[in-house]
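Read from first to last, the chains carry the letters A, B, C and D; within each, the first residue is number 1.
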Amino acid sequence: MHKLRMGIVGGGKGAFIGAVHRIAATMDGRAELVAGCMSSDPARARESGRESPWNLPEDRNYGTWQEMLERELARPTGEGPDARIDFVSVVTPNHAHAPIAGGFARAGFHVVCDKPLCMNSAEARDLAAAQKQGGGVFAVTYNYSGYPMVKQARHMVAQGELGEIRKVIVEYNQGWLASKLEDSGQKQADWRTDPKRAGIGGAIGDIGSHAEHLLRYITGLEITEICADLTSFVPGRALDDDANLLLRLSNGARGLLYCSQVCIGGENDLRIRVWGTKAGLEWRQEEPNALCFRVDGKPEQILRRGNAYLCPAAQAATRIPAGHPEAFIEAFANVYRGAFEAMGKAQSSKFKAQSGGPGKGGGAGGAGGLGSAAAASSALDYPTLEDGARGVHFIQKTVESSQSERKWTELSPNDHGNEHRKLGSKP
Amino acid sequence: MHKLRMGIVGGGKGAFIGAVHRIAATMDGRAELVAGCMSSDPARARESGRESPWNLPEDRNYGTWQEMLERELARPTGEGPDARIDFVSVVTPNHAHAPIAGGFARAGFHVVCDKPLCMNSAEARDLAAAQKQGGGVFAVTYNYSGYPMVKQARHMVAQGELGEIRKVIVEYNQGWLASKLEDSGQKQADWRTDPKRAGIGGAIGDIGSHAEHLLRYITGLEITEICADLTSFVPGRALDDDANLLLRLSNGARGLLYCSQVCIGGENDLRIRVWGTKAGLEWRQEEPNALCFRVDGKPEQILRRGNAYLCPAAQAATRIPAGHPEAFIEAFANVYRGAFEAMGKAQSSKFKAQSGGPGKGGGAGGAGGLGSAAAASSALDYPTLEDGARGVHFIQKTVESSQSERKWTELSPNDHGNEHRKLGSKP
Amino acid sequence: MHKLRMGIVGGGKGAFIGAVHRIAATMDGRAELVAGCMSSDPARARESGRESPWNLPEDRNYGTWQEMLERELARPTGEGPDARIDFVSVVTPNHAHAPIAGGFARAGFHVVCDKPLCMNSAEARDLAAAQKQGGGVFAVTYNYSGYPMVKQARHMVAQGELGEIRKVIVEYNQGWLASKLEDSGQKQADWRTDPKRAGIGGAIGDIGSHAEHLLRYITGLEITEICADLTSFVPGRALDDDANLLLRLSNGARGLLYCSQVCIGGENDLRIRVWGTKAGLEWRQEEPNALCFRVDGKPEQILRRGNAYLCPAAQAATRIPAGHPEAFIEAFANVYRGAFEAMGKAQSSKFKAQSGGPGKGGGAGGAGGLGSAAAASSALDYPTLEDGARGVHFIQKTVESSQSERKWTELSPNDHGNEHRKLGSKP
Amino acid sequence: MHKLRMGIVGGGKGAFIGAVHRIAATMDGRAELVAGCMSSDPARARESGRESPWNLPEDRNYGTWQEMLERELARPTGEGPDARIDFVSVVTPNHAHAPIAGGFARAGFHVVCDKPLCMNSAEARDLAAAQKQGGGVFAVTYNYSGYPMVKQARHMVAQGELGEIRKVIVEYNQGWLASKLEDSGQKQADWRTDPKRAGIGGAIGDIGSHAEHLLRYITGLEITEICADLTSFVPGRALDDDANLLLRLSNGARGLLYCSQVCIGGENDLRIRVWGTKAGLEWRQEEPNALCFRVDGKPEQILRRGNAYLCPAAQAATRIPAGHPEAFIEAFANVYRGAFEAMGKAQSSKFKAQSGGPGKGGGAGGAGGLGSAAAASSALDYPTLEDGARGVHFIQKTVESSQSERKWTELSPNDHGNEHRKLGSKP
């Protein structure tokens, strides 16, 4: 197979995640960066594109994404680095996701888009329509689902090793916005605290949405009701920098989701704990090579990446032996790897979306579908547009709940016929 | 000073906490056990009292607590082991606390009572009246406040090292009731899941109340509003075995309190994390000799018990050098040590209650008061009857909140004039 | 059974371990302190004995140990606190162990003596003769063998769960003597760095001997050859404050034993790691409630104190439930518990020594024997005089090895007919 | 600057480290793989080179390294992917390092060679001569020196934050060769246990040499004397699988270096602990983002990668923010980054070797020198040919020491005039 030709929008000077996308996409020799529009400011874009490590060819170092779309479309399809890009990675601030990703998707390009997917559910619907029209793959970089031990956790839940899930605690604590960093001109803080560019969610949008996806990815459950308390602690900040939620899940399980950007000392402290009727598990992003598993009445077990006792998906997501730690970038690369596999299939035949999401239907796929189907037959998966859309819905409902005096806000229709719904009762 | 004469009610065969009280009370050579009524069943009581390690003198090995109260009162005051007991430790199931502790307190004995203090706020008021009448010391064994590193945490908050508190997460996860252990006849499970003996709270009463006290002890803040979701996961269990609460605190800080007895693998996993505007801290009961402290922009610090850099209260609560770990029983003994100091003062002069609680008033003391005054001048403190009463109120309000469709249930009157109240805003 | 009457020699003002002995011995209601000689200075001794927590009766608060021995012998045997002491705990600096412990042992008292047992092997032989003459129990407080998870480790090795042992690393790092603390008058540092009172070993005697016993206790192996490098890093210090040893063990296994008192940040960091042909284990004194166990090809396991999956000896050495941590003092109390059981047997019938040491012979016991027999039938054990004698021999040979230019110094005669001896070969 | 053109020798099917070199070298957009000889078997070599992720151009997918050398030399120098390779990465088994690396070095190519550098010191001298003749950069992938927190540790020692170093413990424990894996045909085990391909060292060569370099890199000290005990535990294995060494260092400090491949449960457990007169530090490869630092009398500090309080070299070695963990591959890429910087200088002007080694001389550089000069002015460094030569010398001397009955084997001439040499004395 030819190397996939990658284009990138965003990621220029002062950005953090652009470099991660570049390394992650090219790590396995499956893709090469050939085009880009590095900034919303044309001069800045071209300046960034010329520099290392981008080194974009002069004629594909674009000043605007519209120019990039138009001129890439004008290139031939086919093999070789000079042909049209196969996919675009959209790594801009949130408000630009929908127009750019939508534009490329509608034109038939595959899209890899950062999270949160877009500003609101209306935009998410437009993106779904665009993807349906274009027929390409659309992946959303909920990158934490790319970690091998997260895949192992998902596998153990799916295999019933925990029994019926009763309780989930997912948390994501950071401290980098404990003071008003946005006033210093720091680029990351600047747009993330600006509702025009970040959307209606601050911490809940930026990191809470990762927590939401991780919960769904590992447990296969949906969040059906939430009770949220959002706060903005730093004076003068428009968006929340702290969020606490009670959760009820689709099988009747209870949960907590909380995140914050004012928890000093928290660097990128994403953790999840899941307990079922038989066992519990725990995973921490900052020590991602270990997974703690606790079976009732037995010694605690620590599973580690790279060992033969792990499930195929965890082994397939691993590049080097146990004890040689892998980390953030490799997990990110695993999302790309899953998307690349789908792109390969989409190009050779009829594309069927594969997702790590908890969707039930095998028929949910199809080139333009929002299908979030777990592909049990494959060790590779990636978060889909539907996963992204649910994340946007989650953010909206959280803000709604926080403003409400009602205790519970419904998030997803619950499957009332489900016997699991009987799990747990009011004491 | 003479050794304090200790009597005990409860703690016979199958009990766990009775032995802890015995060791903790006598560890420092300040008290000796001279009398007891080991069970609510007279025959069992006498049988237990005869056995090691109790070895009660035959004439003070009582069959009922009423008999014990009456016959001890008939003994002389004064020195020597044969004189009347100085204090009674009440270590029965919850429903028996109020009559027994009340009986002894009213008669003028000092009382050390297990938590939760009693079944409801009415009983708590009766106990306060009894104590006032009797004039003795009344301590409640919120034993986790006895850990040196908890005292260090409290000190650091009080000294302003964290700045203004913004967020608190306190959790207490156990897994021992993940299946229906109470059906096996296990004594601890049996009464704790029985509303007649445990009260209206299951997990929230048994362990959630510890979490509530620990939060107040360390932060000096009151919980003003709660939003609770209690669940009973094990089929057929009458009381909650899982509790999740959103909190709002008296200075406007936000928080989470959650506890569970169905979190498999959780042994006695009480943890607290506190973040302020300057720094954050974290403590775990299962590794109690360490305290994690994180100042913005600096390396994380691990403070350890037994070092000269700790505050006087933490040093005073330590018996052996750093690296020679101390644990649960020593912390428990520190509660007794604080109570003994108060008993000594009460006997030599006018007693002034000293508490680890966050109460503000120096005038709250007095022999019969509910005063929960932090005694800054002393390294020793103990949880008071008022702390216990607040715990009972907390349990009641949590159950009320869980049954309500309203989001917030008010717990304590808030100090609306307080400028801290402005901390945090709705985004 | 009556409470055992305890006497103590040493432990007055400025001491650390005296208080530990008192609490440990009396924790389970099996013993009460009735007599003592708290210091080698008669006035200081009496002053200490009068104070809390000692509160010695005036007529048994002795000025010299000789007076104590004579006057206790003059008391009747029999029941009740006023009768002659049953045992004496010797907690003085090392140089005083042999005369005092020997004096009491020869007179028929049971003895509990701190480690290292004495100053040299000649003294150890005298002590053995004294014990044989007196017929009492003689325990040496290698207290780390009292930890439940150490007993579990020993059990797992004995059960063959690790296979044949190949490698052992035992280390004990402290930092408290990194500067010349002895010049400040600190009592602990003062005598430990003085050859007249501490003996020929500094760090190797004070803490290395604990490491040596722990290795033997857990593995059941003897150290047969050593290659030692002792250093005194702090200028002007006469004894070693750092020791590094290569080891060869009785089955051909290799090992390392190292200890130091100049490793800054080390508080009391005793650790042991053992690997066999099937599995490995690891234990750390500073987090004593956990034991790490690693079987080839399987997830790491963390065993925790207080669980039903542990061996009987580990369960018997536990007082409170899992998750309620136990620590140093409780482990110390377990050594006393084992010794008390032996004292009970010795008094009721013919005494048979029980030891945690690796001795092989069941016939090694007998009232006066040095027998270090593992009593498989009992969950209780204690380190014997023979264990102490081997420790003294180890210290002597380590100093000898350090001064030698030969690589290997023989420590114990090796069992050359043993097939295990073939384990490992020169590559 | 143009992208550096990379060639690779070795790394085909069944290899592990080849993929790591490819990702590490290309991660930062500074290099692209254009040629290779993937195996010593020509057919296998070509088959591997054709496959993803290698995708070598057909005309540069060589069957032998000699062919590769000849035909690359025939290509023009200059810009663009079709010109002659700039550097070759040699990732074969050890015995092939010297001929291949020597061949390319002599011809003027830059070389990046895996460790241990070669089979013996004679080969090392030949390599030095070849490099001198060719004038290129020669880097040896002691990759653990690429970790940011290792660079921080080195910085803190160099800044005197630990005071004078007294003791170093470096260890490297693996368990993957606990049974006779080489008999299963596993490629990694096969050559590593074969003296013809691995050399005279088993564990000591494969991983002990990493430990040796890490010690030198962090402390800046040389190992002057060793006392080694090598063992082969697995029956029928020709090389050591376990090694224990006592060390004496160039300033008089003492140390331990031990490594093993039969420590079950050890994955890649490389750790180093260093103590000086003022403070100590500890680092573990399996949790590489943290560095523990302990100053006498203060709380332990945990420094973490990605923070502004770190030294420039640690910050320069970091690609993504704190809390987003980096790991093995990124550290490996940092070695390449340092080598690339040197290659860039070598091409633009007169090359001066920069090394992380402890060499003293600024004059040690020059195009063909073995100079191992710490470049204080630069945040980038890489291990040099001299570092590699010292590693080979270390392995040889360790084997010699293990076979000797003398206690100490001299490794490096000691600087007897050095006042530090007085550090430590025989007690």
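One rule holds for everything that comes next: contacts are C-beta pairs under 8 Å (C-beta built on N, C-alpha and C of every residue); 3 or more make two chains touch, one makes a residue touch a chain.
Quick caveat: nothing in here was measured; it's all calculated off a predicted structure.
Enquirer: Go through the assembly and pull out the chains touching subunit A as well as subunit B.
Expert: C, D
Enquirer: Consider the two chain pairs C-D and B-C; indicate the one with the greater count of contacting C-beta pairs.
Expert: C-D
Enquirer: At what distance in angstrom does the C-alpha mean of subunit D lie from that of subunit B?
Expert: 56
Enquirer: Rounded to the nearest whole Å, what is the centre-to-centre distance of subunit B and subunit C, using the mean of the C-alpha atoms as each centre?
Expert: The computed centroid separation for subunit B versus subunit C comes out at 36 Å.
Enquirer: List the centre-to-centre spacing of subunit C and subunit D in whole Å, with centres computed as mean CA coordinates.
Expert: That gives a centre separation of 44 Å.
Enquirer: Please set out, as single numbers or ranges, the residues of subunit C touching at least two other chains.
Expert: Within subunit C, residues 266, 300, 304 contact more than one other chain.
Enquirer: Which subunit D residues qualify as touching subunit A in the complex?
Expert: 1, 3, 16, 19-20, 22-23, 26-30, 52-55, 174, 176, 266-269, 285-289, 304, 306, 319-330
Enquirer: Where on subunit A is subunit B touching in the complex?
Expert: Residues 166-167, 169, 175, 178-179, 202, 227, 229-233, 237-242, 244, 246, 248, 254-256, 258, 260, 262-266, 273, 275-280, 292, 294-296, 300, 402-408, 423-427 of subunit A touch subunit B in their complex.
Enquirer: Can you list the residues on subunit C that touch subunit A in the complex?
Expert: Those residues of subunit C that touch subunit A are 293, 297-304, 307-309.
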